[in-house]
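Going in written order, the chains are labelled A, B, C and D, and every chain counts its residues from 1.
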Amino acid sequence: MLKKPLIAATAALTLSAGASVAEDIEIVFVGKNTGNPYFDSLTQGFVDACEVIACNFEFVAPATAEATSQIPFLEAQIQRGVDVIAISPNSPDALNQVFQSASDAGIIVLTVNGDITGNEQYRDATILPTDFTKVGADQIEMVGSLIGYEGEIAILSATTEAPDQNFWIEGMNETIANDPKYANMTLVATVYGDDQPEKSTTEMEALLSNFPNLKGVIAPTTVGIAAAAQVVQSRGIADQVKVTGLGLPSEMREFIKDGTVEGFQLWSPYNEGWLASHFAVGLKNGTMTNEVGATFEVPNLGTITINEGNSINTQSALTTFNADNIDDFDF
Amino acid sequence: MTFLRSIFARREAGILVMIVIFCLAVGLHKPQFLTGQSLRIILLLTPLIMIGAMAQMLVLVARHVDLSIGSMLGFSAMVVGLMYRELPDIYWLVGFPVAVLTGAALGLGNGLLVTIFKLPSIIVTLGTLSLYRGLTFIISDARQINRSVIPTELKAMSRTSPIFEIPWIILIAFGIALMTYVVARHTQLGRQIYALGSNPDAAPLRGIDVTKVTLIVFVLAGALSGLAGILYASRWGFVNPSNTGAGFEFQVIAAVVIGGVSINGGVGTVMGTVLGVLLLGCVAAALPLLGIPGSTQNAIYGAVILIALLIDRSVRQRGLASMSRA
Amino acid sequence: MSVTTDSQSQELAPSRPSWHVVLVRPETMTFLLLVFGLIGASLLSPFFLDVNYILRSFTLTAEMSIVALVLTLVVISGEIDLSAASNMALSACIFAWVQAAGAPLPIAVVVGLLAGLAMGTLNAFMSIRMQLPSIIVTIGTLIFFRGLAQVIAGDRSIRVPESFIGINTVMVAGVPLPVVIFVVVAIILGLVLGTTVIGRQIYQIGTNQEAALHAGIDAKRIKVGLFLLLGIVSAAAGIMAASRLGSVRYDLVLGGELQMVLMAMLGGTYIFGGRGTILGTFLAAWLLVIVSTGMTVANLLPAIQLTVLGILLIVAIIATNFIYARTQR
Amino acid sequence: MTTGQPMLIEARGISKQFGGVEVLSYVDLDLHAGEIHALLGENGAGKSTFAKILAGVHRPTRGHLKLNGQPVDVTSPIAAQRLGIALIHQEPVSFPDLSIAENIIMGRQGGGLLSRVPWIKITTDARRYLDMLGVSLDVTRTMRGLSIANQQMVEIARSLASDSKLIIMDEPTAPLTPREVETLFDIARRLREEGRTIIFISHRLEEVRMLCDRVTIFRDGAHISTQTIDSISDDEIIRLMIGRPLKKFMRKHVATIGDIALEVSNLTLPGAFEDVSFTLRRGEIIGLGGLVGAGRTDVARALFGVAPAASGQITVGGTRASIQKPTDAIDLGLAFVPEDRAGHGIFATLSVEHNLTAAIPDNIAPGWFINRKLERSISRRSVEDLSIRLASLRQPIVELSGGNQQKAILARWLLTEPDILILDEPTRGIDIGVKAEFYDMIGDLAEAGRAILLISSELPELLSLCDRILVMSEGRVTAEIPRAEASQENIIQAAVPRSGMAA
């Protein structure tokens, strides 16, 4: 009973839909951990959506982001009998059992902002901020434009096993190897700062020491890019080494303003929450399905299509932040 | 009988030798490790641990231990961060007294539990480790204090310098080490802390107010943790309820134990502790340079603590053996 | 030599009334807290009071609770071990790593258990043979074991085979297997502690090690035995957790040492040794599950749980010290 | 030393009770300025208690002190220090990790906690005080590792630093070599010349005679006599120390003495005892007399395997035995009731029952589990046999009186059916009534064919109970006295160390 037939699931959903029309749909979002600023914005998307459509929203998260720390929270939500669990999973596999219990209890499971790669059968759909297959190429283009498409670059990632980052890094490697536009750029190292400021800093310092000719660093993680920027700022070498990657505008504003970082990218976490709530309510009410190829309308976001692997993207390409637009974003 | 003294003297020399050998060995593979730049990296890694180590050293010398140092750091940093967020117009330097006083108050809590209820400090601080962390979440509503909230002047302290291009934060750390040295070595208080740890039963016979000195030690540990807290905000530019200071106590204990501070109280020097901190800093800076994954760091810390314990014991045993006849 | 009569055998020190003996003990406090916890949690959330849910929640901490039972013996004997949670993680990582490297499951389990035993041996060597305070030693091994787990597993989670997954879904008479194991271990250890010579000697060592030595009790051997037992039980618990989770990461039960110590203390085990019962720890394990589950299902901030844990630990020690001081004139 | 000199200390009616037992009663004593005054007495006569009252370690239950004619209240060691009274313990109290200089000065500086430590002054002062004593030590090194003699010198320097008028030395010579003793005496005389008063507590009459001006003899907590040393003979001193005519608790029956149960030859543990040999037969009670610290307890601990001897032979029941740990001894039929009841005997918070059966685990647990009924009946029988007074077998043993605790420990060992019983000060700290019961029991045990080694500091006890008495002094057996010849005098003679022998 590991693989749940999709049809049966949808049937069950439609069945229960009739009963729950009268009441607001209970949505819970389980974050990776509390105190993670990224989720403040994402959560706001949920909150705002539930102001306008018929849902009740709650946010819970464990204190720390261990693989197993979300389990008691998931168990509790099952016990509370919520309708939809949205979750940013801390582990691609440790949560399988409890997802199974949730599905057995008729709860819709959506992964948001990260997926359980390899265990997709345990969730109904995943909502990802953008098309992850394009992130690698976008980031290479970003760093290329900053360094004039020439010179050594390095990657400062999160943990060695972080699935999303590894997927993007794969894309970066492919792009640099295959696209003649980047022929003069060499990727000299990929290092991991474990999403800790201390480790990210020492790794960044080591990069600069080991590769004196380094021209650019891509840090596709919010902790990493801030640490990298700080090192560059502290050494005063912003004109020699260009830092870019994925970062939160609120954390990077200072570095944009003082010229340490010229540009970086991200998507809108807010829209993930906004879309997830609309999709969850639609799914529960039977007005939307999780079938591949289905489309639906979400206010402000336009037409959304369900892609391969029941995945949904909130935006097609990354947003680039720079000195011109940084003040327009407050997350 | 200068044999024993020479061991203790050698203890510091020993760490120094270890640092030199380590640096040379790394430098052999990676010559860039032996540059001024890498000294800057090492020094920038150590200020917080240095201050925490001074706190822990005083506590250990008094024959106690404080496991809540990291949580006190986190809480104090959070209080300061919240202050900056809620009162954006406040003069940024106000953060320092606020952080130090907050930490001191938490340390006082530890001290009172230890002295009033006569509880073992290790269990008390294991409890407050969790308690203070929990309170940090509660006061912050589990939200991070973001970069934008921390005053620019404060953040600048981690890279701007008043002298010799040494950033403020490093100067402060070494200043604290110097002050700790003065207190430990040249004030009545310091000597009483050593006396207390050296022989707690004899302390009252020599007119030492054990309760008072114990309280002061824990308050100092708290205050220094608070200072480390605001410097955390300066160094990393944010305060996070769950990460800030987490695991800090273990790094600090590792540094202090390597530095030759005895868990049996009474023994430990500021010099040894500083060297212990620097050794850890060298290791932390060398690992990525050598391409060794950071995940080995904790195993190394743990092994180093165990080895230091064994060394500490053998030094003590030789001390006992030499006591039988002089 | 005269035969003692009842009139003679009175009150050099009058005995406490029997209700006092039975009721004024730390376990009573634990039991009352348990009852209050149940009532409080039920009031906090209407979803709480459901036996199956509570049992299911208990499986999440069952492994730690099992280790806490053995830890209770260690604390009664006058030592402590803060490294048990790290031991669980390292043993589980070694187990998962060995089987992922292609070894048959039973071999992997044995290797995992042996690893746990080796860790227990290290603790015993440092604390008993080298006579270093176990509390500091095990802080060192706490970092060391967790660090080794990190070296072995890095940041990835190691899968265990499908056939090995799901110990928590095995039901014995409607009760999840981990809970059953916990209860069985509690009964066994309770019997050992309460009715065997070894159990008696554990109390005697913890009360006065010198007197035990003078009475011909081999304190060192028993303490070493306890550290080894704790090592191997921690490993078994780690492997159980691997089966429940289906995968292992180095951060398994990170910080669990606090909870284990808390269970022992909350159950009335005296931090300085010599007193405590398995019943107390047994009740405390349930108390903790009820408190934390109650708060989680009420969607309270997890931070409150940390705070409550810390306060409980401190209050538990103060209360046990107080009760023991009162009952010992 | 004429009476015309001013009185430094006038003690009047000093009494002290510990837990209802009066250890010092109505002691009057005057101390002149500039004299060396010996305090003599048997173990437990109250000399040390009196000294500790002067030094503020204990508060007197009754009585008052005058210092230089002014009434004073010595509330604490610190107060004593301020008044110029210093107590030098046999094993000096020190801070091993601090420097010698600091150990000399610690607690003497004024000023607040944050005031500066004047290192230069401290070291020069410390050096000066040590120079005054003619001792050359590097004052900046730590105390750890210093010999006992040098630690004493540091303590004496401490008393100089506080300009003490009264320096109390509690058995200072016991751990010293003859040469060190010489040095100490020179210093003491020099201090006397400076007008300081020294109280010298010692068992060595020769030393007292060499050094002291006057002697005061204590007995049973009372002041017996104070005289100038020249006006009293050694024999007179010993007579006064023993005092009362011997009150015999006669053994009712003398057992028939049987085979050799225990033979000890050349037993040695460096630092504790040397070359100890004796034989002990079934039904025999051997007394082991001597002063505290003579090595008697160490011999007992070695025989029982608690702290095994380094060399020598132990033969039990005719076969050579290797006793490395207590279980070895127990298996050989030995039992040991230790001196330190609270530290080494009882499990304070555990029930009487669990205390009783601690040494016979196999008897109470014939199978896997403890048979509670069996345990209860065994315990109950013990309690009845030894008339242990208690409210319930389940009550913590610490609630029992000292005598009954001691009975319980004896009962614990009788349950092992031992052939050889070693009793170390079994009647210490118990009231008279229970003591008599103990004597009866010990006699009965011998009669039942058990061999008994009785360590005691109470001479009447040894004289009335034992068939033979071995006397130890400074780690060696100095006399073996058969019952018929034994007297308090010859025991004390053998127990009191002679300086000549100390080498």
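Just so it is clear, a contact is a pair of C-beta atoms (placed from the backbone, for glycine too) under 8 Å apart; a residue touches a chain by one contact, two chains touch by 3 or more.
Everything numeric here is computed off the predicted structure, so don't read it as measured data.
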Tell me, please, which chain's centre (mean of its C-alpha atoms) is farthest from the centre of chain A? D
CA centroids of chain C and chain D: separation to the nearest Å works out as 44
Mind checking the centre-to-centre distance between chain A and chain B? Centres are C-alpha means, answer in whole Å. 36
Calculate how many whole Å lie between the centre of chain A and the centre of chain C, each centre taken as the average of the chain's C-alpha atoms. 39
Residues of chain A engaged with two or more neighbouring chains: 34, 61, 63-64, 160, 194
Please output the residue numbers of chain B that touch at least 2 other chains, ranges allowed. 133, 137, 142, 241, 293, 295
Contacts with two or more other chains, residues of chain C listed in rising order: 154-155, 301-303, 305-306
Pairs of chains satisfying the touch condition: A-B, A-C, B-C, B-D, C-D
In their shared complex, at which residues does chain D touch chain B? 77-78, 81, 93-98, 102, 106-107, 109, 111-117, 119, 138, 141-142, 144-147, 150, 271
Chain A residues touching chain B - in the complex, by the definition given at the top: 33-37, 40, 61, 63-64, 160, 191-194, 196-199, 201-203, 205-206, 209-210, 212, 226, 230, 233-234, 250-251, 253-254
Taking the complex as given, what residues does chain B use to touch chain D? 1-5, 8, 183, 185-192, 194-195, 197-199, 201-202, 204-208, 212-213, 216, 265-267, 319, 322-326
Residues of chain B touching chain C in their complex? 65, 67, 113, 117-120, 122-124, 126-138, 141-142, 241, 250, 253-254, 263, 293, 295-303, 305-306, 309-310, 313
Touch list for chain B against partner chain A, complex: 30, 32-33, 35, 37-38, 41, 44-45, 133, 137, 140, 142-144, 146-148, 152, 155, 158-159, 167, 236-238, 240-243, 246, 284-285, 287-289, 293-295
